[in-house]
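Scrolling down, you'll hit the structures one after another.
Both of the next two complexes hold chain A, though its partner changes from chain B to chain C.
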Partner chain A sequence: MSDSNKHAAKEPFVRIAKNGLPSAKRAIGVRAASLLAALILCSIYILIVGRGEVSLGNAFSQMWNGTFGIPGNVRSMRIMMWDTAVYAAKLLCVAVALAPAFKMKFWNIGAEGQIVMGGLATAIIMHDFGSLPKPLMLILMIVVCVICGAVWGVIPAVFKAYWGTNETLFTLMMNYVAMKIMDYFYNMWKGKLSALPTFPKETWLPSLFDHSYGWNIVIFVVLAILMFFYLKKTKQGYEIAVVGDSANTARYAGINVRRVIIRTMAISGAICGLCGGLTVAAQNHSIAYSAEAVHTVTSGYGFTAIIVAWLANFNTLGMILISLLIQFLEKGTGQLGNSFPAFAVGAGNVMIGIVLFCIIGGAFFLNYRLVFRSKKQPKEKVKTEVRDTDA
Partner chain B sequence: MKKILAILLAAALVLSFAACGSKEPKDNGGDAAKSIKVGAILVGDETEGYTLAHMNGMEGAVEALKEDGYNVTLEYKKKVPEDTSVETNANNLIAGGCDIIITNSYGHQFNFGSVIEQNPDVTFVAMTGDLAAGSNLPNYFNAFTKVFESRYVSGVVAGMKLKSLLDSGELNAKDYPNSYEGENIKIGYVGAFNYAEVVSGYTAFYLGLKSIVPNIVMTVKYTNSWFSEEREAAVGEFLMNQGCVIIGQHADSTGAPAAVQKAHTAGTNTMCYSVGYNVDMLDVAPDVVLTSASNNWEVYYETLFRAVLEGKPVPQDWAEGYSEDAVYITDLGSACADGTDAAVEETIAGIKDGSIKVFDCSTFTVGGKNLTSYTNAYGMNDAETITNENGVYFFDESTLRAAPYFDIRIDGINEIASDYAE
Partner chain C sequence: MEQTKPVAIELRNVSKTFGSIKANKNVNLSVYRGEILSLLGENGSGKTTLMNMLSGIYYPDTGEIYIDGKAVSIRSPKDAFDHGIGMIHQHFKLVELFSAVENVALAMDAKEKYNLKAVAAKMQEICERYGFDLDVNQKVYDMTVSQKQTLEIVKVLYRGAEFLILDEPTAVLTPQEAEKLFQVIRNMRADGKSVIIITHKLHEVLSISDRVAILRKGEYIGTVETKDATELSLTEMMVGQKVELNIDRPMPVNPEPRMVIRGLTCKNAEGVTVLDNVSFTVNSGEILGIAGISGCGQKELLEAIAGLQSVEPGGSILYYTPENKKTTELVGKSPRKIRDLGVALSFVPEDRLGMGLVGTMGMTENMMLRYYNEGSSIFTDKKKPRNLALRIKDELEVVTPGVDTPVRALSGGNVQKVLVGREIAASPTVLMTAYAVRGLDINTSYTIYRLLNEQKQAGVAVIYVGEDLDVLLEISDRILVLCAGKMNGIVDARTTTKSEVGLLMTNLNKEAQQHE
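Let's turn to the complex of A and B:
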């Protein structure tokens, strides 16, 4: 008897076991539970930080207003929904750009730099070639941003493909180089003014749906759909998946791994470049200085998009929802800070952290389950123990 | 769950877009004359001194107007970058019923889009901006304070301290040879950027000091940032090591005074005192801070709100100083010399009655000569900036437009290269 007790004590209180593919029911259940947990944790957090002066209803309605406008106020709703849509589309675009690289297990942390280079290339056309015929100038603006973004992505890819350099560090460092190049132009164009004015209106991308950035939303969403089919249905998409799973298998199957790496990073960089170019041409009409709190060309989405890509499991259509969720959190917590001084300083970011933590934590429970030591011994266990005592 | 959420979101979007008629929400009328709503687009939040000063100014104005039976509601949009967010936020604030839109950062003014033209009933003010007068838009305004006046007065405070150190013999060429450049005593200044706003400020500070102690030279070193404790501390230390006895600043943090206090507390053989900016810095550096030059934005905000409430014209390019109490210096520190109070009062009185001109051309030279004309101020279209009043030539700062335009580098002040990239 004492023997068997000793044996039972060896089993840990809780252990982690791998799950098979989760059923749809379980997947929905886990996601719902993690969102519910996020909601509860955020509520507790709001009550604590707000010191009881901020009611939950008030807080969540402010978050809603900051994202979707004041309910019932058509004008406000229109303004804020368009704004949310364009930023969500931008975030989506960067996540879509990262998807093929990440699927290949090439950790492209350099989206910021690729966006900046694309944006800068377009800005140079807007600043210095504004006298060209408009159609020619618009084509040039798009072409150069795609090329510059692609080049910024291909450089670390070539080093990785031929010399096996670490792409994470390489792409990260390329961000800072790009930022400083943009700073150089920013300072040169700004001259003695203390901020850079916007480029002349004649150089802006034409409006769509009454918004200067209308095209951005359309193009970025179309890109997400195209990328979905590219990754799922094309030969190149399949090659990316194989290289990602095992470069040796890919080589054995006759795939030119170097070519795939370079080609995929060219695509990834090109889309980032396009994102930067369109942001400058259609939305900001200006470039930015890297020491500002928010880099207005990238909005910091080169990094935020990494989370989006992971949460959506590289499914570019799923990224649409995640991008909207992140926008709700960013804009909602921003408005929380506008309305309540208690939430002004980074408190909103904590809430974003709580939500992301819960969602990522939920993903863990999709793939693994916790097995608790139970008093009722599982049947096989009992059998072995009986055998043990027999011996 | 995902699908339901997606359908709901899509439905919400479709409904709202479908509802986008051309209907504009009508003003709810009511007693419009007695109550207004103000939307403020701010570059920072209450953790940043510059924005906090604006928020305090607005809140002070609201309280002051309440006593007259006026009801002003404030709505803030904090941490708004200098991009299209300005237009979006302005539009959204107007949709929420705001009658006045205020931005507080210079770069905000480039990003209004067409919101000003589209809303002729709304008053727009770009604080520190310089485009309103030239825009020909009747509802667009700029404003700034004459902070160079309080900088001049803070220079007088520093001058009194320097004079007392010299008179008592504490400061002398034998014990502190590093603090002398020939006959002249070294002064330092931590500047943010090389813009006219900063040049105007440091020159005013220098001239205030010089009005008490004539034999001084000043070194200006830039941090290339409006707010960086680390850089301001490093530049402050650099200037201390150069032997500067007084360190002034036009940068928003307490980095430089903290560095001076640190050296003072450590008991190193440096003689150095600090003059701050924007807020009282005595709690950070109680033994070495003399005072801070500061703005009182409440004066302008009350003027603006009252004009809109009473349907009176809003002043274009409003710029006031001591005459309207729009600038001030913070409480004097314990390190200040005896008699400083009287000197400060006398100087302020002089500025108010016009007997003291901050940029009096007889008090400074450029290339060894006194100026009688200057038409090269940046962005001023060759306008004459020097005025002659009863035979006294002076640079007429913040009169042609609110934002400062004094960008002359005068003799006795030496700008040295910044360690920080722009």
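Let's turn to the complex of A and C:
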């Protein structure tokens, strides 16, 4: 065979082509197909791991019960739903905090640290200023947690705006600094005790709906709605969108890019700080050592919220649904593990992974499509190929 | 013809199309062994595309490539190397953290033994043979641009290239460095290698090459022996005959100075002077064309006026307010400050979606870019921009599913209509456009010409930075020619010729030009 035959061009079996803008119909279709695929894959996973001893209906109803309570059992439903609501609201709050930064293409991976700083600031007020009149103490608490979170967000923003540092690494590293600062206070306050006791009840946030964390749910949902309008309707929101698309266009339009970056990260950090502060004041009433992952101020939501923000496409109202979905997966698979030993370890992560893979992978089909090699080749080409095989 | 040297590479009827743009049309080209061939042409004449097909980056749509008389198919840079073709790109492809020898070792065959010492020894031998000056253990991040280029050439030679393609090799070099490079290239020719240099600097072409091949608008014009060529003859081949476009050109009505620019010097981010002591006056009611090879300071000039590019001390841009002739200094002011001072400046930048518009937003929100900050409310007003968007969509016949469809989904011509429409709607007194018709079809181009002329007749001072000389000659009243950041003259567009402007662009001094 001659050299040129070896190099003869052959169309690949499948290639990727870019789509135009996806229509609303296609967008919904792709999302629905992604969820269906996730459901099927999760079912297969359950059947394989459960070795046929766990029926699908049983598994999914356990997941439902773990999130929303046993249907018909009012007490169980009330407990489960409140618990789901408060965690979903917290996750929502962090995702809402990330929304303006992400919309500006400032990848704030530092929500964890910003939450911790807000939580720590509140804890200091509760620990050392508990004797102040309650309204004054509550105001002070909110103000300092917002400021501390904002400062933690502004530091990397200033470096990015003036010296072009990489915000992803910077914010990520700031998390560990924040955690170590919190550990310092935790150990100092704990002294020789085995764990830090909760702060006195007088310093807690007042209850609402008979729950100490009632206000959190209300405030976080209101924040999501406010942020939606902030991003869509205000001049500042518009500036964020322009900077996110192209800093050059922003400069051309006379937008002060540095100021927008710093201001937006102050907002992002402030909301994270508020989330941390309210979690400590209303829900945890204490701080925890950073190694005890589950009961920390953040619950790891500084990272989980990144997924929520992306899945909702930075739409803060959409984040409400996504937060609930993530809660369903987290709590539901927790319950599944409690009921069936086969799913005790890691099942939750596997299933969350499957769902995220399907949703995020599905987004690929919004912008691209696969083109398979058509069987019909141009006539000339076929001829030459036949000749080649003959030779 | 003395054809003692054998033909090594031959391109026959090679064509390449990108979308609706024909980058190369039936190009024929032959390269002899042991010669230096210059490939000459204006921006966008298809030089780089053609060479990218030789080096395996693109694959020709039609046509054949022969090497030593045998048809070959070059489908990847690796294929190109197997045929002994190596290309040195304008943007170097080196690993910054590696030393010179490690970068070359990257190019080794999988079968070869990884032996840095052997690689270094072979590199030394190449350096000595051709006269390269290279420290093989130096890290790339410590190297000057010239050293990086040397390394790229050594890398290609190390891999056994017989044919070297250099894409505008002197663009980044000082004259001394360029001379050193030419010496090395001559040494390579003496060793029997063929070297193709892509360039648009005429004096270099004349001083180094044996033959010159000329491309114009994707078409192959011809090849001439360098000894038979002059700067004038090459320029004429490069720019071609004047093409009549029949663009309207009304006479300016009472032109008066609108902007006086004095001693404008700008440096880019690397500290290189890109605009050098430029002084001129922009008049109301006329179109001032700006011609030049791309990258000769056009972008910096417009951005300096718009307040987007910092100006070296001593430069001045004085704006004369139409009604009362009050002057305003624009240097040192931000775009917002300029606007707040009442200077009605409109700017259609070269990078439409990267600077003039927000690609992910619809027409309405793009109209807002200019007006969003008006008023004291914290909320944006979408009504006015929406009406403006609808008006522009109608008047300029913008093809879009709706005023909220992201503009990046529109075709290039429609994107430009949105941008030009917005800038004109701001009722400017100065309108700057950079490559306003680049990539647009004929109809849209004429729409843009008409809009610019309307502005001119309304008394607006229009600055038109262009690349197509035929258009510049027909639409402008005066043409300012930039060459390597310097102002090389202002000519009357009604009386000048294409080759006069072409010569000014390629830096022939004025005395010689008046001579002929």
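Definition applied: the second predicted complex is superposed on the first by the 364 of 391 C-alpha atoms of A that agree within 3 Å, B and C clash if a C-alpha of one lies under 4 Å from a C-alpha of the other, contacts with A are read in each partner's own complex, and residues count from 1 in each chain.
As a convention for this text, contacts are C-beta pairs under 8 Å (C-beta built on N, C-alpha and C of every residue); 3 or more make two chains touch, one makes a residue touch a chain.
Everything quoted here is computed from the prediction, not taken from an experiment.
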item	value
Fit or clash between chain C and chain B when superposed on chain A	fit
Touched partner set for A:I306, first chain B, second chain C, both or neither	neither
First (chain B), second (chain C), both or neither touched by A:V94	neither
When both partners are placed on the shared chain, which of chain B and chain C touches more of chain A	B
Which superposed partner A:P341 touches (first chain B, second chain C, both, neither)	first
Which superposed partner A:I70 touches (first chain B, second chain C, both, neither)	first
First (chain B), second (chain C), both or neither touched by A:V355	neither
Partner chain(s) touched by A:G254 [first = chain B, second = chain C, both, neither]	second
First, second, both or neither for A:N187, with chain B first and chain C second	first
Three-chain overlay, closest Cα atoms of chain B and chain C, distance in Å	23
Overlapping contact positions on chain A, where the chain C interface meets the chain B interface	none
Chain B-facing residues of chain A, complex	28, 31-32, 35, 68-70, 73-81, 83, 85, 180, 183, 187, 192-198, 212-213, 283-286, 288, 291-294, 296, 321, 324, 334, 337-338, 341, 344-345
Touching residues on chain A, where the partner in the complex is chain C	3-4, 7-9, 20-21, 233-239, 241-242, 245-246, 248-249, 251-256
Interface residues, chain C side, partner chain A - complex	59, 71-75, 79, 306, 308, 334-336, 339, 347, 349, 351, 353-361, 365, 368-370, 372-373, 377-380, 405-406, 409
Interfacial residue positions of chain B with respect to chain A in the complex	1-2, 5-6, 9, 12-13, 16-17, 19-21, 23-25, 45-47, 75-79, 81-84, 88, 91-92, 95-96, 105-107, 110-111, 113, 193, 195-197, 224-225, 378-379, 407, 421-422
